[in-house]
C-alpha cells in the first residue's frame, strides 16, 4: 500500500506537468482530441492530417486574425472515457476550438467537455445528426455530410439515372452510421414513384457468415435491381464478396464508408458497385483543386488519401477559420453565429450550410463513384432534390 | 503465533483502510491534480465500485461471472431514463413509459432507483440462473450479458439502440465517485461478515459439507448475486453521470475483461484485492500513458510509441499472475495490525 | 534390495497433516496390505508414491531411483501402476482403449496381447463389451476395468486402493487369484489398501496399520489377525 | 425440398466454422482446464501473417501469394507455433493456478497479440484475396451455393475426419482424449503431461490457422477483431457440449451455427436484430436442462 500512495503522489505530480504543456501565448490554439492509437486511429489520422494541411495553409498566408495557429493534441486511445479526458487536456492546454474524434460515440465525450467549457467543437467526420446541437450542444459541429443523405442520394440517383425500380435493403445493425444510411434511404424511397422495396434483412458486421441472408435474396424472383447495403468495413467487404460468390449480380449501393480501393482486393473484379463521395481520391475529380490537394497530401504523408474521409478535416478548419475571420473574434457565440449564416458556403469538397437548427449537412452534393472491373472511378454527381427534414433525422 | 485479535476488530480495519486510501488519493487529486487527472481518478473510483461489486458475487461464491457489465449497463441506462430532460426523451426515446419520460430525478434519486432496477433484474434472472454452479454458471452469465447487449443495442424506442443516449447531467466527479466506491466497499464488507456471506463462503470452499449442514447454496448465491448487481448497477449510474453519454458498446466485452483482470490480479477472494487490483493496475496504465506522451527524466525525454501501453499492461498482468497465481493479495486482507498484510481469520 | 522404499514422509493438505513420518519398504514379489480407519491417510500414501501429491518431507524411491517430487508419469515408467480410489475410468473411451492406455510405457510390447487375453479371461464381461464406452459400466464393472487397466501397464509394483469395493465376493476372489498368480509367476509386487484386515488375513503377506497419518502397527497379516493389539490399534483404544 | 437443402447448407457453412473453433477450445480446456481466450487472436494472427507488416492502407500480400501447396502448410505451421509458444511462455508457468487465473492470463495474452498486430498493421481492415476463382456458385440437388461455401463445409469435414482419425487411431490421440477427461489419472498411467499439452496446443493452433484460412478466403478481409466472435461462440459450444467431450464441442458448434441460421430465416424482420438474444437465451435454457453439458461423459464430474 505504501507503493500505491507513492503512485498516487507521483500521479498527481504528473498531472501538474501535463497542464503546463501549453502553446505560445500569442497563438490561436486548436485542440485535437483524436485517436492516435486503438482502432479509431486509422479513421482519425487522415482527417487530422488534412486539418493540419489547412492550418499550415492559413499560417503560411499570414494566419488568422493576424495570429498564427498552433495545435495541442491528446490521444483518445479509441476509448470514450479517455476521450473526455483528452478533451479536458487540450482545453487545459488553452484550446480555442476543439477537434474531436471522427465517430460520434467516441468524439462526443470530448465535444461535451468543450461544450461545457464554452468552446466550439468540430467532429472530424461524424455523420450522425447527434454530432452537433442535438447530441452535444449549440457549440458543436460536424464538417461531414449526414449518413442519411448518403442513403437518400444513392436511392434517388439509382432511381433517376440507373432506372432502378426494385430495391432490397440489407442493414448491418452493428453501428449507428449504418442505420443512418438505411434511414435516409427509407426517407427517400416512398417519394420515388413506382419504385418498390422488395425485401429487407439484417446482419451484424462480425457475423462469420451471412449465408442465410444471401439465400433469402437469391430466392427472390426476379432479382432486385439494386441492393441497398448499409454497412461498413470489414463486414461490408465480406458481404459483398459473399453476395458475388453466390452469383448475385444486382447493383450494390452503399454509403461513403466503403470508399477507397484498399479493400477491393477482397472482391477481385468487382462490378456494378456504387458509393457517394465528397471528393475523388482517384485523381478524376471534376474539380482539379481536389486532385492538387491529393498531391499535397501525398507529399506530406508519403501516400495519397486512402478514402474520402480525409477531406472533412480540411473542410472543418476551412469553414471555422472563415467564420472566425468574419466574426473578427474567437468568441464562441460570435463564431457560431457566423457559421450559422453559411448557406452553400463553397469549400473544396462541396458546399456547406449551417443554421440554428442543424450543424450538419442534411443535403449535399455528392460525386458518385462506381467500381467496375475492380477499379473505382467517378461517374456522376448528384444532389438530392430536397434536404432531409430534421424530424425525419430524429425519428 | 501472535495473539489473534477478535474477528470484528480485525476486519473492521479493512474497509476503513481501503476507504482511507481512496480518500487520500482524492485529497491529493484535489490539491495537486489537473482537470484531466481528476477525470482519471473519478474513473478509477467508478471502476473500484464495479470491481467491488464483482467481488461480492465472485469473491464469495467462487463462480466467475461474465455478466456483471450487464448490470452496469442496466444501471447506466436507467440513469439516462430518469435524468435526461423530458423534452429530449420524448424525441429520442419515444418508447419509454409516460411516467418515466416525464420524470427528471435528481442524481441521488436516480442513483438509488437505477441501482435497484439492476438488482431487480438480477433477482429475476438469478432465480433461474443461480441453480447452476461452476463453469455452467459462468457461461450462463456470459449468455445473460450477450442478451442484455443485444437487447440494448437494438431496442430503438427505449434505448436508442446503438445510438448514444445524451443529455445525462455530468455530475459525477472525484467526490461523488469516492462516495460511490466507499459505499460499495462498505456494502461488500458488511455482506461478507454477515451470516449470508459466511454461509456462501463456506459453500464455496466445501460444497457438500455446507449443504449437509443446511446451507441453501442456491438461496445464498442468489442473495449475493442481487447485492452485487446493485453495486454494479450503481457503478453504471456513476459512469453515466460521469461521461454524460451512454452506449451499449461501453458495457460489453471490453469492460468485462479488463475489470475481471484487475480483480483477478488483485486477488479474487479478497475485498482488499478487488480495490488494490483496480488502483494498482490503473496506476500502472496511467504511468505508461505518461511515458507514451513523453516524460522528462533529468533532461532526457523518454517517449514510448503509442500503443505500447496496452501491450505492456497485458505483459505486466501475465507476469504478476505467473508469480502470484492467486493474485497480489490472494485471500488476505489489509489490516491495521500485522502490517502490511496478514492472514484473515474470518474466512 | 527393496523395490519400494518410503522413508519418513509427511504430506500436508494446507495446514492439515494427512501423513506424519511414514516409512515402509517392500521387496520384489512381496505383498503388503495397508489398513486403517477412514481418514487414516491410506489413499494419501498411495497418491504420494504415485506422484499425485507431493510430500512435504521425506523421500520415496522405487527400484533405486528417487521418485518423490517426480511427476506421476515418471513413476509409472519405473513400473508403478495404480488403481486409485474413486476408480477414474475414462468414460468417453472404449473399454479396450482404457485397457490399452497404460501400455504405452511398456518395454515388452510383445506381451501386451497376451496380457489383454488374461484380463479378458479374468473379466469376461470386459471382453464382451470391449468396444463399448466405459462410462456406461456399473460400479463393479468399472472396478474390474481399472484393475485390468493397471495390470495392462505391465507393472513391477501394483498399488490398489480398495480392490473389493463394489465387487461381488466371487469376483473379489477371482481378482485376488489373478493378482497372486501374477505375483508368483512374474514376481509382481502388491501394495493393497483395504479398510478391513479380513482379506489380508486370508491372503497372507505383510500388513501395516495406519491411523491418524502414522503407522501404528506392523507385522505379518496372519499373525496379527488374532492379536488383540490390532483391534485396539485400529480403533485407537488404550491410547491418550 | 430445395429450400430445406439450402437452409441445411447455410447452417453447415456457419456451423462448421464454429465447430472447428469449439474443437480448438475444447482440446485445451480438456487437458488443462484453460479457457483460452487468446484462441480468437491466434486466428487473426494467422491471417495477418499472410501480409507484410505495414501500417499503410493497402495491404501487401506476402506469404498469401504463395501457391496453395506452400501457403496452407506455412499458415498451419504459424498457427501451431504461436499456440505452442504461448504454452511455453505463459501457460506452462500456470499449471497449478486456478482456472480463473489461467483464463485471465489467456485474455491478457490475447490482448497483447491484438495490440501487437494493431501496432504493426494499423487498425484498418486489410484486403486479402485468396483463390478468387473459388467465388463461383455451384448447384447441388437444386440448391445453389457458392463453391467457396461448399469448400468450407468440405474442408471442415476433412479436418474433422482427420482429427477424429488422429484422436481415435493414434497413440497420441488416445492419450489426448484420456488426458482431456482425467488428466491426473492419465499421467499415472504413464501419459507424458508436457507432450500431451504441447500436442494439444499445436493441434489447437492448427485449427485456429485453418479457421483463419477459411475466413480469409470467405470474407477477403483481415481484421484484428475477426477471431473474437468465433472464439466466444466456440467457448459457449464447448461448455454446453460437455466439458471433456470433444465430439460434444463439435456437435454444439454445429448446432449453434444451425440455430443462428434458423433464427435468421424464421424470425420476422423486426425481431431479426434480436437474433443473438434468442440464441443466448436458448443457451441458458440448455444449461439449465443439462448443467454438465449435453454430451458430458457419464463419469465426468465437474472439476471447475
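By letter and in written order, the chains are A, B, C and D; residue numbering begins at 1 in each of them.
Keep in mind that, in the parts below, a residue touches a chain if its C-beta (ideal position, glycine included) is under 8 Å from a C-beta of that chain, and two chains touch if they have at least 3 such contacts.
These figures come from a predicted structure and were not determined experimentally.
Chemist: Which chains are shared contacts of chain C and chain D?
Modeler: none
Chemist: Per-chain C-alpha centres versus the global one: which chain is nearest?
Modeler: Nearest to the common C-alpha centre lies chain D.
Chemist: What's the farthest chain from chain B if centres are computed as the mean of the Cα atoms?
Modeler: C
Chemist: Can you work out the whole-Å distance between the CA centroids of chain B and chain D?
Modeler: Taking the mean C-alpha position of each chain, the two centres sit 31 Å apart.
Chemist: Once you find the CA centre of chain B and the CA centre of chain C, what distance in Å lies between them?
Modeler: Result: the chain centres lie 50 Å from each other.
Chemist: On a C-alpha centroid basis, what's the spacing between chain A and chain B, in Å?
Modeler: Centre-to-centre distance between chain A and chain B: 35 Å.
Chemist: Give me the residue numbers in chain A that touch at least two other chains, ranges are fine.
Modeler: Touching at least two other chains: 37-38, 41, 173.
Chemist: Quick check on chain D: which residues sit in contact with 2+ other chains?
Modeler: Each of 118, 228, 273, 276 in chain D touches at least two other chains.
Chemist: Strictly by the criterion at the top, what is the full list of touching chain pairs?
Modeler: The complete list of chain pairs in contact reads A-B, A-D, B-D, C-D.
Chemist: Taking the touch rule as given, give the residues of chain A at its contact with chain D in the complex, in rising order.
Modeler: 37-43, 78, 173, 200-204, 206-209, 211-213, 215-216, 218-219, 233-234, 237-238, 241-242, 244-247, 260-269, 303, 306-307
Chemist: Spell out the part of chain D that touches chain B in their complex, as residue ranges.
Modeler: 35, 37, 90, 93-94, 96-101, 103-105, 107-109, 111-112, 114-116, 118-119, 228, 232, 235-236, 239-240, 243, 273-277, 279-281, 283-284, 287-288, 291-293, 302, 304
Chemist: Help me check something: in the complex, which residues belonging to chain D touch chain C?
Modeler: By the definition above, chain D touches chain C via 171, 174-175, 177-178, 181-182, 184-193, 244-245, 297-300.
Chemist: Of all residues in chain A, which touch chain B in the complex?
Modeler: Per the stated touch rule, the residues are 1-5, 7-19, 36-38, 41, 74-75, 77, 80-81, 84-86, 88-89, 91-92, 104-105, 108-109, 112, 116, 128, 130, 135-136, 173-176, 179, 394.
Chemist: Write out the stretch or stretches of chain D touching chain A in their complex.
Modeler: 3, 6-7, 9-11, 13-14, 17-18, 56-59, 61, 118, 122-129, 132, 134-137, 144-149, 215, 218-226, 228-230, 261, 264-265, 269, 272-273, 276
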